[in-house]
Amino acid sequence: MKMPMVFEQNETARIEAFSDGVFAIAITLLVLGLKVPTVYQLGPSGSLGLALLKLWPHYLAFVASFITILAKWVNHHRIFTFIERTDHAFLYWNGLLLLFITFMPFPTALLAEFLLHPEAKVAGAVYAGTYVAITFAFKGLWHHASKNRRLLAENVDDREVQQITTQYQYGPLMYLGAFVLAFVSVSLSVVTCLCLAVFSAFRGWPMLRLKVRRSKNK
Amino acid sequence: MKMPMVFEQNETARIEAFSDGVFAIAITLLVLGLKVPTVYQLGPSGSLGLALLKLWPHYLAFVASFITILAKWVNHHRIFTFIERTDHAFLYWNGLLLLFITFMPFPTALLAEFLLHPEAKVAGAVYAGTYVAITFAFKGLWHHASKNRRLLAENVDDREVQQITTQYQYGPLMYLGAFVLAFVSVSLSVVTCLCLAVFSAFRGWPMLRLKVRRSKNK
Amino acid sequence: MKMPMVFEQNETARIEAFSDGVFAIAITLLVLGLKVPTVYQLGPSGSLGLALLKLWPHYLAFVASFITILAKWVNHHRIFTFIERTDHAFLYWNGLLLLFITFMPFPTALLAEFLLHPEAKVAGAVYAGTYVAITFAFKGLWHHASKNRRLLAENVDDREVQQITTQYQYGPLMYLGAFVLAFVSVSLSVVTCLCLAVFSAFRGWPMLRLKVRRSKNK
Amino acid sequence: MKMPMVFEQNETARIEAFSDGVFAIAITLLVLGLKVPTVYQLGPSGSLGLALLKLWPHYLAFVASFITILAKWVNHHRIFTFIERTDHAFLYWNGLLLLFITFMPFPTALLAEFLLHPEAKVAGAVYAGTYVAITFAFKGLWHHASKNRRLLAENVDDREVQQITTQYQYGPLMYLGAFVLAFVSVSLSVVTCLCLAVFSAFRGWPMLRLKVRRSKNK
């Protein structure tokens, strides 16, 4: 086929809206992993306060995954502000990314369940490993979109493109580090994932600002 | 960095749409905390009517949380009608707020499970405590946005800003009262939470009206 | 307060979007009431086909609730095409309606669980009773909006208003009939609910058409 | 009634937005079918890695259903780009389609649970059978919309209409093949479903492109 297989701008809006929905649902489903203790489990004289405190791995996993998905949403949204076309490969990269995002409640619940178990390192590795997968999907998505400015809007600044490319070069490596760390100390691995999420959310927004300003100056 | 880190108007629309999604999902997930009695539990000759009546703490918790989340959505939406820019700190306050909102199904199910148990006061404290946290997140969000009119639209009236600020001064105190009340009477604490939700929803909308009218008069 | 407490048009769009989200989530959560038989329950030599056939009350309840929620969404959307303002009471009626809609997965699962149990009539009454509540919320919503054309758009035809008012006069009565029927025959009651849903969806759309045409002729 | 019962363009946007929501929720709910092993099941000395590997049928079903629903969303969106009116029958076809889409988590969990059980062929048949149902709903939806160009936009090219019609002629047959295959080899049937999903997503987008280009040339 001679024509380049690219789709127009309102298609990207549609794909972003669908993806936003998936992110919002995945982040809200995390709470279903928090199992409420039952009256039966506690017995008539057990301490509910103590039972709730013992659930701390569940709260930690919930908070870490919440912040990460939120940060990933910020990242996803940022990429879409630079893009004005889509093509098949972009759709597949985006689909792969959404697959890993919707999967998140599983490793989250797994980590919470096994954080204090001798096999915690396996749960931690699956947890950090899911983040590695998400980061690679992001890297692939961005690489495909930005190569030769394939899907980028014309008014996007090369400097900004380079900035994001650099960020996606280091991101997967850092999450790989968290993955390896899981075999040494699961808690340290989870805290690393948490810090990376906060950090990447922080990095994401200033660029948005630059972009919007730039397009206003045109 | 010299430039103030603020983002433009369509970014606030995006953040509000995502937040709206999270509110809508959280409010609909509450029903999953209502466990249907099973044929096995009831036995062949049990009374289903009686079994359903015994679930009243679940209905109470469901209704109280439903109304509260709805009222909080109204509040959230109201804040966004005054704002035309966002910045990092605003994003973090909003993220914190959404974290507590998505958490709501947990204290709701906890309250329902333990309302008739000797440890009910702990469940009630967690329930009211979550509302305290939500109110503080709202207070922080509004304080950050309104201080020196940092993120507010130009045409917003100082009188209205002051009105909301006053409301957010008393809100957390009232929920703190409900929290303390939980240690005296859980039912009274839950009813207080319910009343506060209805009241705050009531207070929220007239201002919206003022705002819209004002911008039309311009 | 002297000024009438009414809000402007983009507020109704916002409320409708939020309500649409709740409808879409509630209709999709119904499937969580369908419990998959487990390998353990079936044993190594049980017949899966037979086990699945025995779940027919679950499929019936799922389909009946799906069609009803879809029909109610059509109805809800229809009302909003006539309205251009909201006020407090309208918000409360809409909130009440959404409360019953989000509740739907509970009576659906209850009906499925007890349809073949001696206590089926209680489950059937709760199921039809929820529909009665939904219909009354709709009636209240419409009555409030249409009385003296309080919240209606100017170009709405009196004849059409009357048509809907008539429909909401008979709707609750019919669902009350289904409720009473539950004590005679649960299956008949469920089938009645199903027919009413299909019928009300059918009635809903032609009016939309009239409305759209009319506003084009202006 | 003399007037043809058709509704205008913004109605189709509304229906598509609602359908998009249902697709996004259904695809995200799939993860709830992945049951995390518990500490209790594993015991103090069990291997979590091994326990997770044994869950492979669950991952396979999750991925196959995820890709299929995503592909069906692409298909659904494509049909809507050609349509500018709706009518009753179209609404019912679309409702039927959404019914099968929201049902998807059930056959997905069923397949995962029984893939290694002697009764696997029944689970596989239900799984592929749901896809057959989805494909027939799509075929009905498209047939109704495209017959005599009933609901199509004026600028849609006959060649493109024919292309989609052809695709919907073969689609149901292929899924029927996967259904029959389930009685021979479940794994082969699932893989066939997976391939069909990828293939149909691939086929869907180029036409979108053509359409958008065409309308720009007008």
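Chains here go by letter, A, B, C and D, matching the order in which they are written, and residues are numbered from 1 within each.
By our rule, a residue touches a chain if its C-beta (ideal position, glycine included) is under 8 Å from a C-beta of that chain, and two chains touch if they have at least 3 such contacts.
Worth saying up front: this structure is predicted, and the values here are computed from it rather than measured.
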For this session: Have a look at where chain C meets chain D and say same if over half of the interface residue numbers show up on both copies, different if under half do.
Result: different
For this session: Select the chain at the greatest separation from chain C, using centres from the mean of Cα atoms.
Result: A
Seminar exercise, completed: Here chain B maps onto chain C under a C-alpha rotation whose angle in degrees, rounded to the nearest 5, is 90
Exercise. Between chain C and chain D, what's the gap in Å when you average each chain's C-alpha atoms?
Worked result: 25
For this session: Go ahead and note the Å separation of the Cα centroids belonging to chain A and chain C.
Result: 36
Problem set entry | Residue list for chain C, restricted to those that touch at least two other chains | 21, 25, 29, 32
For this session: Could you please specify the touching residues of chain C with respect to chain D in the complex?
Result: 20-21, 23-25, 27-32, 34, 36-39, 42, 44-49, 52, 62-63, 66-67, 70, 73-74, 77, 201-202, 205-206, 208-209, 212, 216
For this session: Please name which positions on chain B make contact with chain A in the complex.
Result: 1, 3, 5-8, 10-11, 14, 17-18, 21-22, 25-26, 29, 32-33, 88, 91, 95, 98-99, 102-106, 109-110, 113-114, 117-119, 122-123, 126
